[in-house]
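Below is one structure, written out as structure tokens; comments come after it.
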Amino acid sequence: MSTHHLVPTVWHNVLGSMPVALRIESGDTVLTQTLDAIGDDKDGISRAHGPNPMNGPVYIEGAEPGDSLRVEILEMRPIRERGWTRAALAGNVVDPERVRSLPPRDRTEWLIDAEAGTVRLESPPPLLDYLSLPFEPMIGCFGVAPSLGQAFSTATSAENGGNMDYRGFGPGTTAWFPVFVEGALFFLGDCHAVQGDGEIVGTGVETPMEVTVRLSVEKFRRHNWPRGETSDEIFTVGNARPLDQALQHATTEMLDWLTADYGLDATGASHLMGQAIRYRVGNVFDPAYTMVASLEKRFLPPRQG
Amino acid sequence: MSTHHLVPTVWHNVLGSMPVALRIESGDTVLTQTLDAIGDDKDGISRAHGPNPMNGPVYIEGAEPGDSLRVEILEMRPIRERGWTRAALAGNVVDPERVRSLPPRDRTEWLIDAEAGTVRLESPPPLLDYLSLPFEPMIGCFGVAPSLGQAFSTATSAENGGNMDYRGFGPGTTAWFPVFVEGALFFLGDCHAVQGDGEIVGTGVETPMEVTVRLSVEKFRRHNWPRGETSDEIFTVGNARPLDQALQHATTEMLDWLTADYGLDATGASHLMGQAIRYRVGNVFDPAYTMVASLEKRFLPPRQG
Amino acid sequence: MSTHHLVPTVWHNVLGSMPVALRIESGDTVLTQTLDAIGDDKDGISRAHGPNPMNGPVYIEGAEPGDSLRVEILEMRPIRERGWTRAALAGNVVDPERVRSLPPRDRTEWLIDAEAGTVRLESPPPLLDYLSLPFEPMIGCFGVAPSLGQAFSTATSAENGGNMDYRGFGPGTTAWFPVFVEGALFFLGDCHAVQGDGEIVGTGVETPMEVTVRLSVEKFRRHNWPRGETSDEIFTVGNARPLDQALQHATTEMLDWLTADYGLDATGASHLMGQAIRYRVGNVFDPAYTMVASLEKRFLPPRQG
Amino acid sequence: MSTHHLVPTVWHNVLGSMPVALRIESGDTVLTQTLDAIGDDKDGISRAHGPNPMNGPVYIEGAEPGDSLRVEILEMRPIRERGWTRAALAGNVVDPERVRSLPPRDRTEWLIDAEAGTVRLESPPPLLDYLSLPFEPMIGCFGVAPSLGQAFSTATSAENGGNMDYRGFGPGTTAWFPVFVEGALFFLGDCHAVQGDGEIVGTGVETPMEVTVRLSVEKFRRHNWPRGETSDEIFTVGNARPLDQALQHATTEMLDWLTADYGLDATGASHLMGQAIRYRVGNVFDPAYTMVASLEKRFLPPRQG
């Protein structure tokens, strides 16, 4: 179980079958520094262009279609004291006639203090000078290469992950992605110091980070959509528009999980999900929206097999 | 500020301009016992028919179109030891081709122990015999008469509230509804002992409750969609399909609230909402879906005026 | 089979169980003059307010829940030489960020010449002075009272019809509505001299008309959504958002029709629909959108029974 | 202006930046034989796998990002007497609870007689033995490589075209695609002998064809979505879910076209579109749905410049 430093020289704006940047064994750890969403590095120097340039891909030995790639997010450390956001709600998250009066989508600077655990506007308007948000780092965009030779923009998301912008993808969370190609081809980038649900201004607080993940192949663990786990819950992810359909994917994936791994039949799973499920909203800015379905572990039966 | 016991003799399957059941002063308290979603009372006797028969309407003196009706949910006490649910995920919350293999939507019994704070299946399948959910009472359907002489089924929801099935509408929460007709005409019913997000089996644990609410008119406090407040957050509610549109309504309503009452301009509100908003899913089973947008009070500026 | 002149003294902004304006026998004909969408009459005098004030309701003797009301649109005669539209695409029919640059939604006057069969802008901008559209009269809003004591705004549509704004509802077309209340309670109004699909500026060419319809009860002919027939096709109507769901309703209703009345099983109906169905778009401006599914009669098997 | 015979040896299941199969001058004609949707050729021999294997890509000299590729569909000739369909409505086009009772999606054979101009079931169920549909050939899937190195499955569609399944893409129609990469990289396949709107059984009558197209570069003619023209109309295409969003794209694209090429301002374009637009439904089976917006040429102002 070795640790690899992935120092990219090229970045990718798609998740697809791109030339391998790093080849590792299952269970190895990768440490890498990301660019921000438009390709600026920790010193503010432009190294790539947007959307969301990705580090990778990482080839994990032994990964084959039908397997699952487990991604443990071990650590996220900000490497720039500044992040930025857009200054207006996106047109697609307000009532259509209200778009006429939205303000400009200017770039706005924020200050990140990981020691103090705070994220603050650099030049707050008077009424917001009090505002101090907690530093809650998350990975906006990560995932694996899709099937069939497809390659998806890092502005969107699908079965293979991508730009899901779910707050829950932070340190301590484990994610699983279905493997569609040999080696899985894992990509990572687009970190946020903090972000509201939905990424409704089109950005979180965009900033480069040093991210450490452990990547492991789970053989023959076929699933259709990304999954995740924290200390107290399990969750599934659906990516699609409208949100209704993203919710259908996440719900169906949870049904699959409960019946395959926890021994419930569809009726038992329905009882549990019906009275205990929680939904959370990932990205509602991008071409595909993201809905998360979660269950607290305290309500789950013991895992089978 | 007196307390009224509302003992219905008729129940309504719409929220509309129905004959007044009780007339009160603004600030008065109303205590009433609801039926369950199909009209059975605390003794299991059928007193009305579904969907979701409502107690009311309550006419609040002084309420006029353009005002807001504040509804403080003071107490919810279960008055039957049994509730019921449906036993299968609804067809509209899973991937369409998966509907073919969903189990039957049988009625299933649950036992409610408010003392112990638990809700349990009466005859759990073996693997779910451990399952004990917390008693988390909530009002599934409440609201006021809509405008223009409209009358909406209690199976759905709109600007005037209705069957939102949001878990957050429990004791300690305050809700506000826009007033569309003289007297506001408040309705209430369809309580749940516990419910997962989305009401994805088509029910929570359906049971009659004794509910106590305080109803107050806030003059000239015009708003478009239901709002709410708990000890630590404020929230807005959008009801529509698809969820994308419900989210647009809730988001726009929060933008309105922040700019009207908290002194922010659209840019300041965008900063706050963009990095701090939380979305929660109410009903995704009924004709209109429900999305809630919330902000923690600790992130809000002081309220103006 | 007599003919009744319905001369309204009140108009309704909902389809619901309102006081009966006229009581007729099944098979009788009704002739009535409508107001325009904001309530102006043939002389431009305001007689009621919008949205879409309705003539009616007409009580048809013998109509009971579970029956169908057949509405033959016999004649539509314009009774004002002027109509009006809005001058800008609605915010919900263009890409959200494009709403920022839409022009104002000003009222614009049109001249209707039924003799010549033309509809023209009164003061066309230079490049549109050539534009002469055909006079293609249609009923924007008609239908029956919904179930359960519900009452729906004439700005929207549902199982009971309403503001569907489908171009096909013109002279020569027969429509059927499911009957939900005794007497059916038929309403009619909101006529257009011409209209594009979708009513995407929020109006057709709005103008009062003299409309003649024959209303007949078809006993025990239960259906769920409006249906229609012209000389060469049959069609079904779904009203909902998103359009995907309206399409599901219209498609399911056609499946029902083919299996119930034409003797096809679900496989045969699938073959026919799959390779021959045509979809058309009604309203995409209002709270519920309208999708029409049609089949040419030349492809249909002989009607059974 | 020469004619090229494109005889593929490999086929592609994505539209992307794949190795060039043929390099031509702008204005040249290409004649090629397609496989059917699952990769069977004119003799029923499996030559590739689904979904929708594509011939191409064709590199057109001089095509650069920001240009438009004009595709004139000159001829479509069936080269197999048999086609096939699926035997059941797709789960996503009927009301969700109705999916439970849909029949199996069996493969069904059809006979194509291009001379007689008919398409008939090989073994019709008794009540459908009369059914003879007109031979109306169309290209289900065609388009160009997308931007950024993306590659999209031929099961879906986007700005670059793809699996739109619009009946209007037959002989005599001209299509335009935005050029995103050098050479445009044109793909073509998935022909249908006839198809209903929406491709609601998941197929048209799938069959190989010999297709002749003329491909020409229009320099600096930037547009965002596919466009088309027939003898009597112009049209635009939006590909997305829900249909509401596909409609927004198609409507916005038509607004762009009218203002850029026909000299109308947004108000004039709104008048014309509002009262004369027609919408048609392409695919509603695939991940992205397709909506077409069209205007009859007789209503258009003279083209500028």
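Lettered A, B, C and D in written order, each chain numbered from 1.
Definition applied: a contact is a pair of C-beta atoms (placed from the backbone, for glycine too) under 8 Å apart; a residue touches a chain by one contact, two chains touch by 3 or more.
Since this is a predicted model, take the numbers as computed values, not measurements.
Any chain bridging chain A and chain D, meaning touching each of them, is among B, C; the list is complete.
Here B-C and C-D were compared by C-beta pairs in contact; the pair with more is C-D.
Chain C and chain D have CA centres that are 32 Å apart. Between chain B and chain D the centroid-to-centroid distance comes to 46 Å (mean Cα coordinates, whole Å). For chain D, the set of residues that touch two or more other chains comprises 92, 95-96, 102, 241-242. Residues 12-14, 16, 18, 148-153, 240-242, 245, 287 of chain C touch chain B in their complex.
Chain B makes touch with chain D in their complex at residues 90-92, 95-97, 99-100, 102, 242. Contacts from chain D toward chain C in the complex involve residues 85-89, 92-96, 98, 101-103, 108, 119, 121, 125, 127-128, 130-131, 133, 194-201, 203-205, 241-244, 247-249, 251-252, 255, 262-281, 284, 289, 299, 301.
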